[in-house]
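For reference, chains read A, B and C in written order, and residue numbers begin at 1 within each chain.
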Amino acid sequence: MSQEPNNAAALKRGVPLWAQVIVWISLLGLLGLLAAGLLNAKNPILAVGSSVPDFTLNLFSDYEYNNVPEVKLSDLSGKVVVVNFWASWCQPCASEAADMESAWRSYSGTGQVIFLGVDYVDTESIAREYLTDFNLSYPNGPDMGGRISQIFNRNMGVPETYIIDQQGVLRFIRIGPFRSVAEIQAIIDPILARR
Amino acid sequence: MKTKNIVLLIFYFLLLAAAFVPADAASAQQPTPSDDEVNAIARQLYCPVCENIPLDVCPTTACHQWRELIQQMLAEGKSEAEIKQYFVDYYGARVLSEPPVTGINWLVYIVPPVAFLAGVYLLFRAFQAWKRQAKESEMGVDHPDSPGSNPESSEGFRSAEDDKYVARLEEELKKR
Amino acid sequence: MFKQWNMLLVILTYALVVFGTFLTRSGVFSSVHAFSQSAIGPMFFAFIGITFIASVALLIYRWKDLRAEVEMTSFFSREAFFLLNNLLFMGVLIVCFWGVVFPLISELVTGQKVTVGPPFYQRANGPLFGALMALMGIAPLSAWGRSTYKTLGRALWKPSIPSVIVPVVLAILGIRNWIALVGFTLVAFVIFVTIHEFWRGVRTRQKKANENFLVALRQLTGRNRRRYGGYLIHLSMVVMAIGILGIEVYQTTTQKTLAVGEDIQIAGYTIRYNSLAQYPSTEGRFVTRASMSVFRDEKFLGNLYPRYDYYTTSGQTMTVAGVRSTLADDLYVVLVNWEKVSLSQAPFKVYHNPLINWLWVGSLMFIFGFLVATWPDREEEKQQGKI
């Protein structure tokens, strides 16, 4: 079978350059994606010592902070911020709720510490019952779209507490409930003192 | 239906109706949405906590509360779109069974058809190249017929259909 | 041409299996199966990196050496259909791959988690599988190398005529859903093509070798195992498609809390709740079992016993549905244990799945067709000098 020479030559060329470029870019892109995903999975929790990004907590309708129904983290610089994630369907949260309220009351007079309750993936009506049951007076609001929890822990569970110092740096992480008011105070006091 | 069943049903209905006597007589309320109406919406949503479990079969307490929430919202007259939007606002876009078409999410819907069409185009170009190449190689050989001619003539048979199939059968057998 | 495809497909097969395992085990997607705290992630990633990069590099390097002679002259030749078939499968691959990888991209780029769920896959893969079914009917009638639309048309017209009648009949019977109409028409088309191919082959043998029908069939299949085994496999695929179409298009479900004696109606069935029993069983389970009776048109069809078992040692529950299966449909009754169950009333969820058991019939046919296609051939082995 006779073939014209340039036809045979055209046959014998390798993969065209544009195809190679696309293939390599896609492959390296995929590997980069997997590497990033792996790193993410290894470190889902915000590291102690890192600066906490600003967020806005929209409060439940019975709550106000400075006469506004929302709280911005950036407005709280200069205070120690205790961010507590809870849910009405979470049993351990109920066990620490009373202690949280007592701890808050012990600090509320000083104006140096603020407690924020973030309601994680909950139903509003039942969350409100939880709030009235435990008489929580510090600002509480739902985590709309799960955005606030994603900042602190990509695999958020409840209850979790994050304590941020006066400069907006994360100082303490607690996964699980506190056992007593004293425990909470023992953690906040050193941070308060370190001003 | 048996009389007993009818009586039981009326009794349950009255009980349900009594539970919904509105305090404010001015606002009309619809009858309690059935499980099926709740599930029709719940099965389009995913449990915000557990991974990839539809809301209508999720066994956790939280999901039970959410189904009741849907029931409540349906009774208030909210539409399916409003309920889904509420869930998205509260729990994030992951609650939907498909990404909403915002931001980079439109990539989900664009990439597969574009990639497929690109494949079709590449295949078409490759076909043309092979066809051209085969045509050229054929013309190099001494072949009086033009390509794409009636294959019957190349087989040399001018007989009934079945004999043609016999020949094809033999050919296939030899090829194997 | 096919050598290149072969290598590409082999590499993709291996790479994707390993890739899927990595996604689950490494913790990139949160899963109960993940070993996210161990060192497996990075090691697995290194393995994937080396394998993918080396395979792609070698394939590109060797690409031109894999080229075979091409005799394809027509868009309607079997080579063309084979490549179209590959393209469609690649399409399914891209859809599934993209649907899995996109949530990862979304989370890394925007920080927002999204779910890519069934509606995406159904909408994207449905047409691709429909095209594959059509191809299963057309491709076997094409010839290697040469084929014009005339020859193909001549081969196609006989099976096509009854296939065109099918949607008309279905529409008369009340089926209006276009997915069902198109799907069942394609199923019928492939069935008619396959039967026609068998018929033609058998008739030819009968004329040539003067054998009776069954002997001719056996001889035909015996001497052309791969071809006719392949036809049987095609047939099994569309039989499975019957089951899938039935459940995707026509599944209905209902949920209701029943008191003893009440019933649920679905798809013409009446399911009556008779009683609830709770008892410990010997294997460390505590069983809650409901007794139901199924009726249709006042006729008693049987009893079902949906239950759930509570395993005392682990504290976990296992739900066992009560199922009534026929070729026409499945009636699937679940005692819902995520709502309140008391001795006076219990919630039930019922699924009606039409035609689903054809999926299993098709699977058995598939195994049979596979055996026919791959059974070692004594004649072939003689030729190869093995026997």
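What we mean here is this: contacts are C-beta pairs under 8 Å (C-beta built on N, C-alpha and C of every residue); 3 or more make two chains touch, one makes a residue touch a chain.
As the structure is a computational prediction, the values presented were derived from the model and not from experiment.
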Pair joined by the larger number of C-beta contacts - A-B, A-C: A-C
Most distant chain from chain B, judged by the mean position of its C-alpha atoms: A
Central chain (by mean CA position): B
Separation of chain B from chain C, taking each centre as the mean of its C-alpha atoms, in whole Å: 14
Whole-Å separation of chain centres (CA-atom averages), chain A against chain B: 34
Averaged-CA centre spacing for the pair chain C and chain A, given as whole angstrom: 41
Junction residues of chain A, two or more chains touched: 11, 145-146
Junction residues of chain C - those touching two or more other chains: 30, 105, 112-113
Shared-contact residues (touching 2 or more other chains) in chain B: 60, 92-94, 133
In the complex with chain A, residue positions of chain B that touch it: 48-49, 60-62, 65-66, 68-69, 72, 88-94, 133, 136-137, 140-141
Chain A residues touching chain B - in the complex, by the definition given at the top: 1-4, 7, 11, 87-89, 121-126, 142, 144-147
Residue numbers on chain A that touch chain C, as the complex places them: 11-15, 20, 23-24, 27, 30-31, 33-38, 40-42, 145-146, 150, 155
Interfacial residue positions of chain C with respect to chain B in the complex: 1, 30-31, 70-75, 80, 83-84, 87, 90-91, 94-95, 98-99, 102, 105-106, 109-110, 112-120, 124, 143-144, 146-148, 150-151, 200-201, 203-204, 207-208, 223-224, 226-227, 253-257, 259, 261-263, 317, 337-339, 347, 349, 380
Residues of chain B defined as touching chain C within the complex: 4-5, 8-9, 12, 34-36, 39, 46, 51-52, 56-60, 63-64, 92-99, 103-105, 107-109, 111-112, 115-116, 119-120, 123, 126-127, 130-131, 133-135, 138, 147-148, 150-151, 154, 162, 165-166, 168-169, 172-173, 175-176
